[in-house]
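Two complexes, one shared chain (subunit A), two partners (subunit B, subunit C).
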Partner chain A sequence: MMRFSQLRVWLLVVAVVTVLALAACSSDETGGGEAEPDKITAWAWDPYFNIAALEIAKESYGNKLELDVIENAQDDIVQKLNTGLSSGSMKGMPNIVLIEDQRAQGFLQSYPDAFFPIDEYFNLDDFAPYKLEPTSFDGKQYGLPFDTGVTGLFFRTDYLKEAGYTKEDLTNITWERYIEIGKDVKAKTGKDMITLDPNDLGIIRVMIQSAGSWYMKEDGKTVNLVDNEPLRKAFENYKAMMEADFVKANSDWSQFIAAFNSGDVATVPSGNWIAPSIEAEESQAGKWAVAPIPKLDIEGSVNASNQGGSSFYVLNIPGKEKAAEFLGKTFGSNKDFYQNLVVEVGALGTYTPASDGEAYQTENEFFGGQSVISDFSKWMEEIPSVNYGLHTYAIEDILAAEMQNYLKGKSLDDVLADAQAQAEAQLK
Partner chain B sequence: MSKVVKRANQPYTINLKSTGSRLKKNYIGWLFILIATAGICIFYFYPMVQALLLSFQSGMGANLEYVGLDNYVRLFKDPTFIAALRNTFIYLLIQVPLMIILALFLSVLLNNATLKFKGFFRTAIFLPCVTSLVAYAVLFKYLFGEKGLINQFLLNLSIISQPLNWLSDPLLAKITIIIAITWRWTGYNMIFYLSALQNIDKSMYEAAEIDGASSLQQFFYITVPMLKPIILFTSIISTIGTLQIFDEIMNITNGGPGNATLSISMYIYNLSFEYSPDFGYAATVSYVIVILVVLLSLIQFKVAGDKK
Partner chain C sequence: MKRFIRAVQNNNLFIKMFLVMVISIISVSVLITFSTFRMSNNLFMETFSITNTKVLNQIKKQFESYSYSVVFRVINVQNNGTIKRLLTREDISSIEASNSFYTIEDQMERIYSEDPNEANLIILGKNRRLFNMKYMNWPVSADNLIDHRITQNTKAKPNEILYQFIPDSEITNGRPMIVATKALTERSTNNIYGYVYIPIRERDLRGFYEGYTSEGNSVLVVDGNGSIISSNEQELIGQDAQDLLAHAEETEENGLEYQDVHVFGKDYMLLAEALPALDMYLVNLIDKEMVIDNLIDTKEIVLISIGIVLLAVGVVFIISRRMTTSISKLVRQISDMAKYDFSKPVEESGGYEARKIAQAFNYMLNELQEHVEVLLKTQRKQRKSELEALQYQINPHFLYNTLTSVKFLVKEGKKGAAFDTIDALIPLLQNALGNVDETISVEQEVTNIKNYVLINQTRYGDRVKVNTLISPDCLHYHLPKLVIQPFIENAFFHGFTKKKQGFIQILIAKRDHKLICEVIDTGDGMQVDKMQSNKGKRQLFSGIGIRNVHERIQLLFGHAYGVQVSSELKKGTKVKIVLPLLEEITKNNTKPKNNAKNDFLHGENF
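== the complex of A and B ==
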């Protein structure tokens, strides 16, 4: 009797422990023989932009594919990918994911087997070359380029006119000239020339890419700060702007938007994706125009650069061929689809054959009848190609801290040397 | 096991029966705590050990390899980590004492028997604690924005002549964070003191009054000593909380300007998700928090705890 009850208790104990242990340790055995799923999932972050683009792609694909687009904030996508991929289990991962170009190398190199090469599904030569470098790794193409971040100098024609400048005066200028004009505008109209977030060195990146330079050398690994002439120039320009007293500070996206929607600043040098936000303030219709981005006053710098932009990636899980084929047939080769994309969501792709299409020539009344899309796609082809490498954001945090010291009076040589030393120590 | 079985086979005696039932009772007792113990082991200790192992590895994303103590050596040469550590200690050294004193002060005020609308004041001061961390952080970000309420208020009172850059000046940004945490957590600590104050015998105050002790003396010689265990408890809790501070910094300043408000937890986040992921090094940095919490708690026990 007693033996029985003791045994029963022990059995129960063993059972409970086993269940708990199994529940905790059960791992997914992703067998090779898993069937192709009927549904393809995709992660993207902006319902009015990249998600809308996927929906249009689905339509132009004749709805032949059951595509489920899931909206996630960009930060969430980065987190979920990192935690998911590093766990080694691909469960819950999407078939298609949108990744920002400046982060792409980090993912491709951190999780080499997680992504599916898609070279065979589209013609690489059809895309702007600057877009291919950050989206490929080890000689294989992983990303299908989506939007460009081609930059332009958006400016208020009325303010500039008041200060005595025309569009020609702003076309193909250097940043030094831009600063002179800025001082003039501030003196004559009382308006600030630009709005900047001291935490975000986006404008520095725009400046250095126009000279084909980046925080890292071509290999994407060697820190390149101390002997980086374009970076040095960019820092000098940044400080000159701050000291010229025409910079309106902002500390987040909504303040950034408010700075030009309220009419407080005269110019916005930015990626083309800012256009919808500028156009959102309808009372300013006809008062804006876009000039090419200023360049650095050194050899090799051009009046074209890039800020932001992202590409689609296919994960190495069942359904990958289907997903890659879908991307290849839409974003990879469909010229008409790109016309729809421009008209319906204002997304400018980097597929060069699309640029002689009709929609690209449309004159934009908000920008005084300028063919904005056509101008952007022209500049896009001139963007110097750089390898963003792995550590853009890590280095940028170091630079942002050193920039504060530079503004406070530390010498530029020391600033860059210290930043270099810190970056080398941190990025082993 | 076989021993137990053998004993159970022996002839029935009163003595053995009681041993058997005691054993049985013990088994059932063990069974009850077993589930919790197993749960703690699997979900708490197992990840802790794994994290410790992880802290000896380094590499990007999935390409981790063992590097021995390299990560720990790297800590001392990493200026960003040192900046984060320094900031966290600035928060700790200024904010925790400030908050504890404020909470103690408020709780004594609110414990006053003659105070009217006591319930209202207590609720009002405790209310920040029920707000979500993210929601209040975003609110503070706007309050302290360039065109925020605080700047407008100071401008209208002519205390300042032009808006202060609360969020983009290194010193002001730290002050903003400290104000925010203090607002959020003072009420929480106050509640502990209020409940502890109920347990102090009124007759002690009466006796003190008869002996001619002033209210200040009563506070320092009766209230504070009586509250000592609670003060110790709240300062440990607050120390641990401040060492792990993340939400406020992430939402109000995002670590900036530069690294001026970066905290250790925020740096762990950056290492894992913002930069090229290095989970090994991130685990090493998290172990620094563990070590610091243990050390600081020990010091607090030694300094303030009972001698026994």
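== the complex of A and C ==
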């Protein structure tokens, strides 16, 4: 009897030990909550420009932050942000994202809770005023301004000289005057004055912003085409250029670059970011100069405008303070960092104290010894501030189509009225 | 070393049993573990090939829908009159140019926007006008493109859609790309007026299948030339893999579900699907080793097996140890039995079986002992009867002779001597007729001897003198009856045949806790072996002769005691009787009890 009970005890021991051994073998996973992440991610699109700038920022921050910069095409960023933010799930979203100024309001107004206000992390007064309006919403600053799209009129000094014009003749002129000069250049040198992509009305936007106007009224929502005097003037100028027959058409960036690198066009009215592309053609060194952008022949228009430019935004997810701190300490306040940015990446920031820096004063031999960066930062401060609103690109598609109609002979009143009607219908 | 061997011998049973069990357990575990591995591997590979075939079909569908969209776009571009017109026209004015650029892109936008996949759409006119729908994906210029290999190939085969691979190079911005190309021809003349390119970045093409891949389960796209144009294993992209192409073709042609191949220096399971429209093969390579490693945690299974083996061995050790130690102990006790006179019962402990055996053994031992004891008792009784019978045989001649001597003494008037003789005879007879086992004190024995000697001297004269020398401290010791008398008798009648005179000395003393009695005569001496002759039987006092004194002493007291005789011719004989020191008369048996079994053990005495 006793033997049996002993045996039973043994069997029990064996069973227990076996179960324990098996249980010990099976792995168990522990789930964690949403903790502050060690790694901060950032989305940007240009490895030679904004991504490079982030890398320099990371370095100047003393590599105190584990920053993971992920390259995405700009369209992809827009699409992913829209998908992610509209679903309300912030999963897979980056901490820092770069958004083009003209699209920023669209995101800020649609998903105000998704972004983290960063007013406290830098001094707003240190930045060009035109940059603040598109990057803020409802009185709060969401974007940290990155590059400026301050425009200038790049021109071939040799062609202009051949046509009998000097730099002074191109300084602080109106678009009407520009067209006249263009005709002379075409006649005397056989070169086109400008290259344009018919699908991209960038030049129109440059013109209207110089007069403090945009496709929408100041509320950023009301479509403002038909009674928009600067726009009307800009359309007239555009048609005048076409009719003057000095416009070389292009359909993409490489053709745009090729147009002036090949020496086919005499001027490039564009954002400052085109400078590296112009300088890339070393055989043309010394043959280029930059004048202020022409203005519209109406009151209130200045010889300064903007084309493009983007800013950094911090998403309202764990790690936001870290991300904002990082941006504030680099892009938001570090003067030396901006000098590096200019020298190494050629990116011109909108941080005004940086313009005193040494790098900004450098004379550029390619542009005949002109202090290009210094000039740009001067013009930057004069850029009229506008609210880009929500629908810049949608309206521009409509305008581009109507522009073709206008060129074919439709009256400007009808063109703008039709565009207004289409835009209102579409955006309602 | 000796101890070790001894330990091995002692645990022989346990070691054998334990080894057999351990070997069995280990071999069973090993076999089960391996067959588990093998079975799960086979099952897994089977399932894997089925699922992967399905997956591959799914991917194939993606590729087919991609190739369909390519065809669809190409046809749309080819059939688009506006595009054709604008590509062939040389524009003159800015307005015309602006208009045609705008229109062409507008048309392309329509064609392009119908398709959701990541492929780009580029149209290149003979007039070197290039329209690129997704400039970001491939910022290529007309000059670069028109002289490129892919355009030249297309020009050579204007009626085919070619899928061409461009490895990562400057022209593709460092990204490998797969470009579907087709020349745009005028139907009537077959003149080429432009080219349509539908480039897709390898990265985007990879998106078709990347979700189905994992480490060790990779997908490769091989073009008709044997180049790997896309793969989730990015380092393979652009490599030339003719062997892979050959394997894929073989798999496809023979309709194999899968085959095992050796490529890239490793063994893989290969599944393949042809993409005839694209002139490509979709190849799925499964690194068996890695996939199975991921699936089956070999370490865990082996650890579990080892754990079970250790546990089982431990349990077996304890159980078999308990079983065998009791049996081994039993065996040891049994083999040591002789050392302990067969008297010590074995310990009844250990397992059930061992205890039963021990019980049976002890029972048997008891029975045996009882039996032997009975036997012994019977034998002793028999011997005693014999001795008694001998003892009672008081020789009638002795009595006759003695009585005759007395008659003569009375006749001669020696009244005193006659009285003395009769007085000596009476206690002598009284003594002799008592129990044979009874002992008498040394003192009494000496008296008996004296009486006997007196009677003999009365009959035969005193030419043989008898001396007794008794140590006083021995007087109270006891000794069996008729132990010394036969030797005196022997000396009287046989020691003095030639010599007519002499002495007989009787010495009794204690030495080494033994009682030593010596009968020494100065007679003729003799050869020892002749001592026990029956000559002159007539003169003997009783049936007990010298021949059975020794036997009797040993029967009573054991081998340590007995009679030693040494004799020298013409000098005399010396008889030494060794007896224990007996203090008192014991009933029936005078033997020391502890010696009884000793006699039994050395049974040769019987």
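The definition used in the following text is that the second predicted complex is superposed on the first by the 395 of 428 C-alpha atoms of A that agree within 3 Å, B and C clash if a C-alpha of one lies under 4 Å from a C-alpha of the other, contacts with A are read in each partner's own complex, and residues count from 1 in each chain.
Quick note on the criterion: a contact is a pair of C-beta atoms (placed from the backbone, for glycine too) under 8 Å apart; a residue touches a chain by one contact, two chains touch by 3 or more.
These figures come from a predicted structure and were not determined experimentally.
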{"item": "Contacts of A:Ala400 with subunit B and subunit C, given as first, second, both or neither", "value": "both"}
{"item": "Touching partner for A:Asn63 - first (subunit B), second (subunit C), both, neither", "value": "neither"}
{"item": "Touched partner set for A:Pro112, first subunit B, second subunit C, both or neither", "value": "first"}
{"item": "First, second, both or neither for A:Trp253, with subunit B first and subunit C second", "value": "second"}
{"item": "First, second, both or neither for A:Gln79, with subunit B first and subunit C second", "value": "first"}
{"item": "Touched partner set for A:Met242, first subunit B, second subunit C, both or neither", "value": "second"}
{"item": "Partner, of subunit C and subunit B, that touches more residues belonging to subunit A", "value": "B"}
{"item": "Which superposed partner A:Ser283 touches (first subunit B, second subunit C, both, neither)", "value": "neither"}
{"item": "Subunit C-contacting residues of subunit A that also contact subunit B", "value": "3, 10, 17, 21, 75, 197-199, 249-252, 255, 400-401, 404"}
{"item": "Residues of subunit C defined as touching subunit A within the complex", "value": "91, 93-95, 97-106, 129-132, 135-137, 139-142, 300, 303-304, 307-308, 311, 315, 318-319, 351-352"}
{"item": "Residues on subunit B engaged by subunit A in the complex (per definition of touch)", "value": "1, 4-5, 8-9, 20, 23-24, 27-28, 30-31, 34-35, 38-39, 42-43, 46, 58, 60-63, 74, 77-80, 83, 141, 145-146, 165, 167-168, 170, 254-260, 270, 272-277, 279"}
{"item": "Sites on subunit A touched by subunit B in the complex", "value": "2-3, 5-6, 9-10, 12-13, 16-17, 20-21, 24, 75, 78-79, 82, 85-86, 88, 106-107, 109-112, 114, 197-199, 249-252, 255, 390-391, 393-394, 397-398, 400-405, 422, 425-426, 428"}
{"item": "Complex interface listing, subunit A residues touching subunit C", "value": "3, 10, 14, 17-18, 21-22, 25, 73-75, 192, 196-199, 241-255, 258, 400-401, 404, 407-408"}
